[in-house]
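In the two complexes that follow, chain A is the common piece, with chain B as its partner first and chain C second.
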Partner chain A sequence: MAWLETLVNGALLGGLYGLLGIGLALVFGVMRVVNIAHGEFMVLAAYFAVMLVSLFPHVHPLFVLLPVVLAAFAVGYLYQAAIVNRVVRAPDPLAPLLLTFGVSIVLRNLMVEVFGADVRALPLGELSRASINLFGLRIGVMPLLTLVASVLLFLLLQWGLKRTRFGRVVRATADRRDIVRLFGIKPDRVYNIVMGLSLALGAIGGVLLAVRSSFTPFSGVERLLIAFEVVVLGGLGSFWGALLGGIVLGMAQLAGLKWDPNAGLLYGHLLFFVMLLIRPAGLAANRA
Partner chain B sequence: MSKGTLILYCAIAGALAIAPLVLGEGGLRFATECLLILSMAQMWNLLAGYAGLVSFGHQVFIGLGAYSLFLISDTFGISPYWVLPAAPLAGALVSAVIALPLFRLREAYFSIAMWVFAEIVAALVMKTSWLGGTAGLPLKSSQLLDVDWLEPVMFWIAAVLAMGSIGGLYLLMRSSFGLGLMSVRDNDLAAMSVGVDVQKNRFIVFVLSAAGCGLAGAVSFLGNLYISPLAAFDVNWVVYMMFIVMIGGIGTLEGPVIGTIIFFGLRELMTSQLGLSGGWYLVALGTIGVAVMLLSPRGLWPPLRDRFGLQLLAVGRKAPSPLAPTALTEKAGSLG
Partner chain C sequence: MTLLEVAGLDVFHGDLQAIFDLSFSVAEGEAVALVGANGAGKTTFLRALIGLIDRKEGSVRFDGDEILTTPAEEIARRGLCMVPEGRMLFDTLTVEENLMMGLLVKRSGSWTLQRVFDLFPILEERRSSLPRQLSGGQQQMVAIGRALMCNPRLLLCDEISLGLAPVMVDQIYGAFTDIRKEGTAIVLVEQDVKRATVASDRVYCLLKGRVSLATTTHNVSVADLTQAYFGT
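Take a look at the complex of A and B:
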């Protein structure tokens, strides 16, 4: 029973991991750029949330999510407009990789200098301890809410990309950035919005993860690696694959931690590597 | 290599040979560090600049090389100097094995998977008690070393490594293998069509760069006489290598030399002269790296070279000259 509880909790955590991955996957899918600084932006959002909570102690911590997400969108828009757009068109595919890596180093060390290297957390009071009893399993309310929120966001994003005009524009830009210009669309502006959305999703993930466990300026690395593993496990470019990948990764991590309490992310990483060997196309891929 | 460059190369080698007699202890340590970081940067440059593989996990080879040196030397009580060849072997062996799964991935996916691999190895080492766990290991066999000679010998090894990596890479790039490599980098489809084995080339370069990093890592920690997993598998190793290559000029042999000078110049300026912390130094270094990437994507060396017409270690070749156009028109005239 204890193991079942671990697996269920792992699946709940996995919903959150899926959310980390989807932001990374969105940017990669649209502009073929892996934003190495994604993890650092998540941690930055968490610091912003902690700051807001201490500034407005009477507001419920979950309400700070709104300003944090809006700020993350703005930061993403500017980041893309000022920096990433300059290398997206570079013939060398390494340029965006090196550039975003450089940005991640700058952000990480700025956070160390500004916020200090201490461990921080986002306390939620009652809610973070509350749990419900489901068929004899103790399930935390907050992890459950997190999973529900992740699934809703996945649905919303998928609907937005499939059914709205903006979604069509994004997909068209992803396919042929040179052709969409003929229809009066500026690809750079589409990219700005996509990066904004990506960091907004990352901010939700970053804040919710900060509620679950403490963080430091160095947490960006593990957040990025989780996001990346989720995307590869799920199969590149597959939305629901990312959620599935997140759930598998979450289960592996919590099961590993139960067996070996100071393992950290080791078992998640190992699972990723084994999967890379036996199913390089990802979990969700049914074609060879 | 032009005659001038050859003379310059030999002059630098000679200067390095007698440097321990001139430099004080602190200066020698600093110079050793510069030369080791330069060697590592050249190895990373070999992989990224000539084979198009960006690794964010090369710290794993530095750590593996250093740990293999400590372990073998302590276990068998052999002088660490004699164990040094084991370090590049460890790097080469591990890289050859992990190339198998990693080479299925391209570009950013390779880069980050490499990083994940480095994290796995670091976590496993930290959990292994006979490797010292998180606390690390002292070099017990250090009693076999002559303490007075340690600093100069370390410096000479580092100098051989740095000069060897530059000279060796130059010769490699001038060989037919190097030509194949650069053709893959410039146009892989065209290279494959003339029979260049892309995967094999990438594999060889990957193993070479892992071996070089293993050796440089071993020398680096031999100088400390102490190793800890957090230092050995620190992601900052790759950060240093990458910024040096990025700022100096990726895919050139001169670039990393310029990058190393800027790297250490900035560090001395910020941490020693201005008394700022290492964090601010990395912020400044990263900002310079990003700025160079945006303003001069090929790094600082290529524009300098073109501006002043410098030719130091150029490995490019001139295409064989085709028939002169006048001869062609004459031929056409006689035919028509």
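Take a look at the complex of A and C:
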């Protein structure tokens, strides 16, 4: 029973991991750019949330998500317009990689400068400790809410890309960025919005992760690693794959921790390594 | 009334010049064939017209306005549209979604989804299919329909018969009668000289980036065309 509980909790954590990965998957899928600074932007969103919570102590912490998400969208839009669009057409894939890597370093050090290197957390009070009893399993309310939110966001994103006009434009731009121009579409503007969405999703993940575990300006690397593993596990560019990858990773991590409490993220990483060997195209490869 | 007027156009690929001092015109509602051997610069010329190549000099006037430096997005909105070589469909969009892309230029006119389906009935049957599930000819129909959905004033067609079965080519060329009825002007780029000249009012021949022949199609002789095509 204890093991089952661990696995269920791992799956719940996995929903959050999926959220960390989906923004990365979206940007990679649409513009073939790996945004190395994704993790730093998530941490930045968490800092912004902590700041808002301390400024407005009477507002429930979950409500700060809205301004944080809007700000993250704006930051993503500007980040793409001012920086990433300069290299997105580079014939050499190394150019965007180096550029976003540089941005991640700058952001990390800026955060140390502005917020200090102390460990922070986003306290949620009662809610973070609440749990319910489900068929004899003790399940945290907050992790459950997180998984529900992730699934809803995945559904929303999927629906938006499949059914809306903007989704059609995004897919067409991902397919052929030159040809969409013949239909009056500026690919750069599509990229701006996609990066905005990516960082908005990342911000939700970043804030919810900050509720679960503390963070410092250096936590971006860890978050990027998880996001990266989730995306590769799931199959590059596949959204449901990313959710599935997140869940698998979360389960492996918590099961590993239970078996060997000193392991940290080791078993998640080992699983990732093994999966790379036996199924390098990812879990959702056949359906992508 | 002249719709497109190109004068003294030079186009460059990096350091190489691909088009030299080219003059070219299309009247409203006219069909013009542009023929020439592989590498003569036909596709480069079209891509420069439509705004996909930036390195160019000279003058391109469309409907009286200079559009040499106008970006491709804006040129499309003015009604200069293209069926690109190799069809270039959006691979993850269904047939219907590909066609709907034409609506994004927001030009009003007589071409609607239903009219494209009337023109190419097979597309209505395959509306939910992805391009890779279609035959080459059907893909070409999608590419033409997608451009028609823009309600173009001038439609540039690049090598639309390339690699297709003759019966398919007949069907596609048959559609041009309907398209021209709407008053749409057409530029047909072809390697199949005979096919292109039959369907057009005038013909230009390109040779190594220069116009080697410009004449009406009803009094062009095979000998002149051969000479202009091969430059011998």
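We adopt the following convention: the second predicted complex is superposed on the first by the 285 of 288 C-alpha atoms of A that agree within 3 Å, B and C clash if a C-alpha of one lies under 4 Å from a C-alpha of the other, contacts with A are read in each partner's own complex, and residues count from 1 in each chain.
Operating definition for what follows: contacts are C-beta pairs under 8 Å (C-beta built on N, C-alpha and C of every residue); 3 or more make two chains touch, one makes a residue touch a chain.
Note that the structure is predicted; figures quoted are calculated from it, not measured.
Participant: Just chain B (first), just chain C (second), both, or neither: which does A:Val151 touch?
Facilitator: Neither partner.
Participant: Classify the contacts of A:Ala95 with the two partner chains as first (chain B alone), second (chain C alone), both, or neither.
Facilitator: first
Participant: On the A-aligned overlay, A:Asn109 touches which partner chain: chain B = first, chain C = second, or both, or neither?
Facilitator: The first partner, chain B, only.
Participant: Once the shared chain is lined up, is A:Leu265 touching chain B (first), chain C (second), both, or neither of them?
Facilitator: After superposition on chain A, A:Leu265 lies in contact with chain B alone.
Participant: Specify the partner with more touching residues on chain A, choosing between chain B and chain C.
Facilitator: B
Participant: Return first, second, both or neither, reflecting whether A:Arg171 touches chain B, chain C, both chains, or no partner chain.
Facilitator: A:Arg171: touches chain C, not chain B.
Participant: What is the contact status of A:Ile193 with respect to chain B (first) and chain C (second): first, second, both, or neither?
Facilitator: The answer is neither, since A:Ile193 touches no partner chain.
Participant: Between chain B and chain C, whom does A:Phe183 touch in the aligned arrangement: first, second, both, or neither?
Facilitator: second
Participant: With the touch criterion stated at the top, can you tell me which chain A residues are shared between the chain B interface and the chain C interface?
Facilitator: Common to the two interfaces on chain A: nothing.
Participant: Write out the stretch or stretches of chain C touching chain A in their complex.
Facilitator: Listed in rising order, the residues of chain C that touch chain A are 50-52, 71-74, 76-77, 81-82, 84, 88, 90-93, 97, 100-102, 104-106, 147, 150.
Participant: With touch defined as at the start, can you tell me which chain A residues reach chain C in the complex?
Facilitator: Chain A residues touching chain C: 165, 168-169, 171-172, 174-176, 178-186.
Participant: Where on chain A is chain B touching in the complex?
Facilitator: Within the complex, chain A contacts chain B at residues 28, 34, 36, 83, 86-87, 90, 92-95, 97-99, 101-103, 105-106, 108-110, 112-113, 221, 224-225, 228-229, 232, 236, 260, 262-266, 269-270, 272-273, 276-277, 280.
Participant: Which of the residues in chain B end up touching chain A in this complex?
Facilitator: Where chain B meets chain A, its residues are 48, 52, 54, 56, 101, 104-105, 107-109, 111-113, 115-117, 119-120, 123-124, 127, 235, 239, 242-243, 246, 250, 277, 279-280, 282-283, 285-287, 289-290, 293-294, 297.
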